[in-house]
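Two complexes, one shared chain (chain A), two partners (chain B, chain C).
Moving on to the complex of A and B:
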């Protein structure tokens, strides 16, 4: 078992099976580098992850600890999405499993939490979690209006009205949902 | 500007407390994209045993403070916590804008392409990130790629030009079909303006000759850097594209590959040859329209014997680096074989020509003498030829002997004989015996009930092929009516799968698999073939009349 500590004051610590925690490439590499030390006794501080986020992470890795490691499979043709030869490794194929759908903090009030989770998944290099998170956000904003996306993601419109009008005209062909 | 600063700030090395140096050795790469625990947190990093963790307010506030200090009003992130006095709720704040750029990009990569274009309007930063997502698009088939990418049907030239605006500068290869002059003009303009890296262009169209000539004349200059140009011009009548071809011949001086496929040939042969010294592949397909009688005969310029003569004479003087040659000229005149022999000799002996695909006639059964009996003697002088494909011709009487004396037989790795006259079992057996290095062999007879395969060519003939050519990888038999597939399959297994051939596999055979495709008009049941399958053999049906047999040379289950 490995102990992970959040960055809160006081830190909150979680005990996680080593197998689960090794889904994080970052921690896996670190444990490998520190082979020989008794890591069961040394809590690992995670200075960029707060307690609620860490709790989510721990939940996720425990759920997925027995997943087979991802294999590099050849792209499957997907007739409605995009053209494969024009678009190699552009749109990775990710399907969000049922459990993960319920797991992700999807309420609009939990947006903060969702992005914190993404940030932490990046920090800990948990690629599958990062992928489903990114996919979820992409699904959420695709098909939405520009204004809605700005509002949802708190992005400031920094175009001048003239610029925006020009740009709008330039990409008019892509409009329409 | 603030964005750039902000990112740079994130890359600043963080200070680490001494007791965690060991850990940080492996941890340090985590911090690359993170606001480093700043100066105030130099006491200790959080751990269960020691003093307080760094203030998270400070850590979260770091980028915001920095941005604040520079140009506050251009801040991209709304409601970012601005100082340590922010409420606990604000310190919990984390938004999309605070994610590292590569994560933002990753999210964008899951978006449909059309959506990526639309969302460029969100802000400047997004526009830049989204623009980067196009750099992988280096080939495009217009319109298919555009409709697939954007899921828009039907598309018009504005969609195509919008697409080119996004990825034009990354494109290296474009296939472009245009149904109207205006679409052709708009898109070609866009291509010539935006696709600075374009190397290969293929144009397919059936617009009339005047329009096509206009387009070729207008854009050949701007596209003169192209290395590969293919034109497939499908219009059957009209004045043709003579002047357009002349413009290409004049300006396209970097071409390495040139392909032209059309119904109507220019009056002077010079227009058919782009003026490039680097030409490696030249392909010309001048076709007869499917039903010439329906078209005004007077306006139709047939390829005359003199035309063929001029054409080959011209070709013999240019393209010293030519390696591959495809010629298919439909003519309904008998060509002057002695002249053609002379030109072919020069073409083949003065160039490093490796591949020849030749069809110099039209199909008239009543001709006593087919093209080739004299002219094809020239092949003996083609010192580099390894890949030979001949259509509708007659082989010279001494062809078999010259295969041996000229060394051509030993060099050949690919041979295709399509509707070649007076072949027989004995002839082919002698031919196989002189081409021991063949890797691909095709024997093709006509589909439409003309030119039947001779009776003497049977499964025994193909058995001779297995016997003499152990390196075979691909065999294609089309409408060889008397070759019985139920006999060919076992013999293929017997010869190609024996101990003898396995010994050769190790050293020289280019592929562990031998593939046989067999097209026939006869009605064969697949089951009668699959019954014959043995260990490492598989027979499938591609279409009603097309069978496919694959044989692994080495057995999985010996």
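Moving on to the complex of A and C:
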């Protein structure tokens, strides 16, 4: 078991199975570098992660600790027999599993938490979590109007009216395909 | 001790200077190497001196002049505070850290050790994705906490937004560009557009298309005054319909995308017959097509679409009973490019094939045939036939070879 500490004052610590915590490439690399230490006795502080976020991270890695490691290029698409080199550069499609759909903090008042989680997943290099989180946000934004996106992400419009008009022209092609 | 000297320099060089064979030396990241050497010594002492209540902090520090502190800067000091060492990503050094000391990334290790010898840090390097994403992304800033916390997107680094945007489609990216200046910048990322472009068009190099019947691969630096060649090429080719068997889902039925897809070349051609308002353009993706004999009588442009330098080899249009492709009256401004056209009759057939070709151009047809490889395996007839005076195809960069009989047959006073 490995202990992780949040950046709160006082820090909140979580005890996590080593296997689960190693889903974080950042921590995995560190543990490998410190082989020989009794890491079970040494809490690992995470200066960029607060307690509620760390709790989510811990929940996620515990749920996914037994996942098979990602296969190099799993093409799940149907009978894709022709010309294999056509898809060499494509990333496998990201699908959000059912458990994760419920897990992600998706309520409106939790949006802040969702982005904190993404930040933490990025910092700890938990790629699958970052993938599904970003995919969730992308799905949410996709097909929506500019105003909706601004509203959803709580963002200010920092364009001048002139800039806005110019922009409208610039992106019109993608609208009216 | 060798590792004392190098601690003040950057992590990379300390690995080089350290004469001891390192267990982890195979790893890409070398920053912690001198650390683990020290760690081992420390651990050994701890275990061998079981009787003494071990105070590793003393072990690490008490005999140490300043240099030793550097050397063991990354050693966890087991001094009883719950946070023994901080785990940070290297790139986050650009950011102000929590104590408010603004550390330059190079001097950080030594500086931290000097300023706070008791609170030691492990500079753990992580092969962050940013490193893999090429030069385009290296200039992007790291996250800066927002002052008021109201706009949480401000707390998210560009690399996360890039990841979000990498899941979006062309229409959505347009919307995102309109959200704010920052979103505009990120939504125009070359890498995002390149991936998007290549998932739709497959080309390894963006295809330049400004006028009818002209298509040319052009490396991004040659796109004058165009910072994002992929996006620009997408824009130029946006009216094309795609023939790509079994990939319907990629083109149709998605929010944020409005492209037309067909499984068969014939149905795409029939669709374009009815389409008047936009240019008639078909992207024929990699594959071996055996369509009905095709007759082109309008300004349809058919362009092969596949990755790699030899696009035309990956798209083959073949017929075995009649002329594969005929350009007839009305085919002005028609274009065929980057594919292979074959007439390949059954060897045992008794049908005469004198008048069957891979490509036939007849009166009043003036197509452009560009970057095609044209073959006929028939023992009679020709690969290409140009017939009648007013037939005037423009053929460029084509190879007509491996024919059993004649390559080009020009007849009936054609020019």
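FYI, the second predicted complex is superposed on the first by the 156 of 177 C-alpha atoms of A that agree within 3 Å, B and C clash if a C-alpha of one lies under 4 Å from a C-alpha of the other, contacts with A are read in each partner's own complex, and residues count from 1 in each chain.
In this section, a residue touches a chain if its C-beta (ideal position, glycine included) is under 8 Å from a C-beta of that chain, and two chains touch if they have at least 3 such contacts.
In this text the structure is predicted, and so the values were computed from the model without any measurement.
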Next item on the list: Have a look at chain B and chain C on chain A after the superposition and call it: clash or fit.
Entry: clash
Note to self: Quick check on the superposed pair: does A:169 touch chain B, chain C, both, or neither? Answer first, second, both or neither.
What the structure shows: neither
Next item on the list: Mind working out whether A:25 is in touch with chain B, chain C, both or neither, as first, second, both or neither?
Entry: second
Next item on the list: Based on the superposed arrangement, let me know which partner A:9 touches: chain B (first), chain C (second), both, or neither?
Entry: first
Notebook entry, point to check: For A:158, is the partner it touches chain B (first), chain C (second), both, or none of the two (neither)?
Noted result: both
Next item on the list: Would you check which partner chain A:36 touches, where first means chain B only, second means chain C only, and both and neither mean what they say?
Entry: second
Check: Can A:146 be said to touch chain B (first), chain C (second), both, or neither?
Finding: both
Notebook entry, point to check: Between chain B (first) and chain C (second), which, if any, makes contact with A:50: first, second, both or neither?
Noted result: first
Notebook entry, point to check: With the two structures laid over each other on chain A, which partner does A:109 touch: chain B (first), chain C (second), both, or neither?
Noted result: neither
Item checked: Colliding region between chain C and chain B, picked from 312-320, 366-374 or 384-392 after the shared-chain fit -> 384-392
Check: If you lay the two complexes on top of each other, which residues of chain A touch chain B in one and chain C in the other?
Finding: 5, 7, 10-11, 13, 26, 29-30, 33-34, 43-45, 47-48, 80, 82-83, 85-86, 88-91, 94, 111-112, 115-116, 118-119, 122-123, 130-131, 134-135, 137-139, 141-143, 146, 149-150, 153-159, 164, 167-168, 170-171, 173-175
Notebook entry, point to check: For chain B, which residues are in contact with chain A within the complex?
Noted result: 20, 22-23, 25-27, 29-31, 33-34, 37, 45-48, 52-54, 56, 59, 74-79, 92-100, 103, 106-115, 117-127, 133, 136-141, 144-145, 148-151, 158-159, 162, 165
Checklist line | Partner chain A, residues of chain C touching it in the complex | finding: 23-24, 27, 29, 32, 35-36, 39-40, 43, 76, 78, 82-89, 92, 97-98, 122, 124-129, 143, 149-153, 155-157, 159-160, 163-181, 183-184, 195, 198-199, 202, 235, 238-239, 245-246, 254-259, 285-287, 306-308, 314
Check: In their complex, what parts of chain A are in touch with chain C?
Finding: 5, 7, 10-11, 13, 25-27, 29-30, 32-37, 42-48, 78-80, 82-83, 85-86, 88-91, 94, 111-112, 115-116, 118-119, 122-123, 125, 127, 130-131, 134-135, 137-139, 141-146, 149-150, 153-159, 164, 167-168, 170-171, 173-175, 177
Notebook entry, point to check: For chain A, which residues count as touching chain B in their complex?
Noted result: 3, 5-11, 13, 26, 29-30, 33-34, 43-45, 47-48, 50, 80-83, 85-92, 94, 111-112, 115-116, 118-119, 122-124, 130-131, 134-135, 137-139, 141-143, 146, 149-150, 153-159, 164, 167-168, 170-175
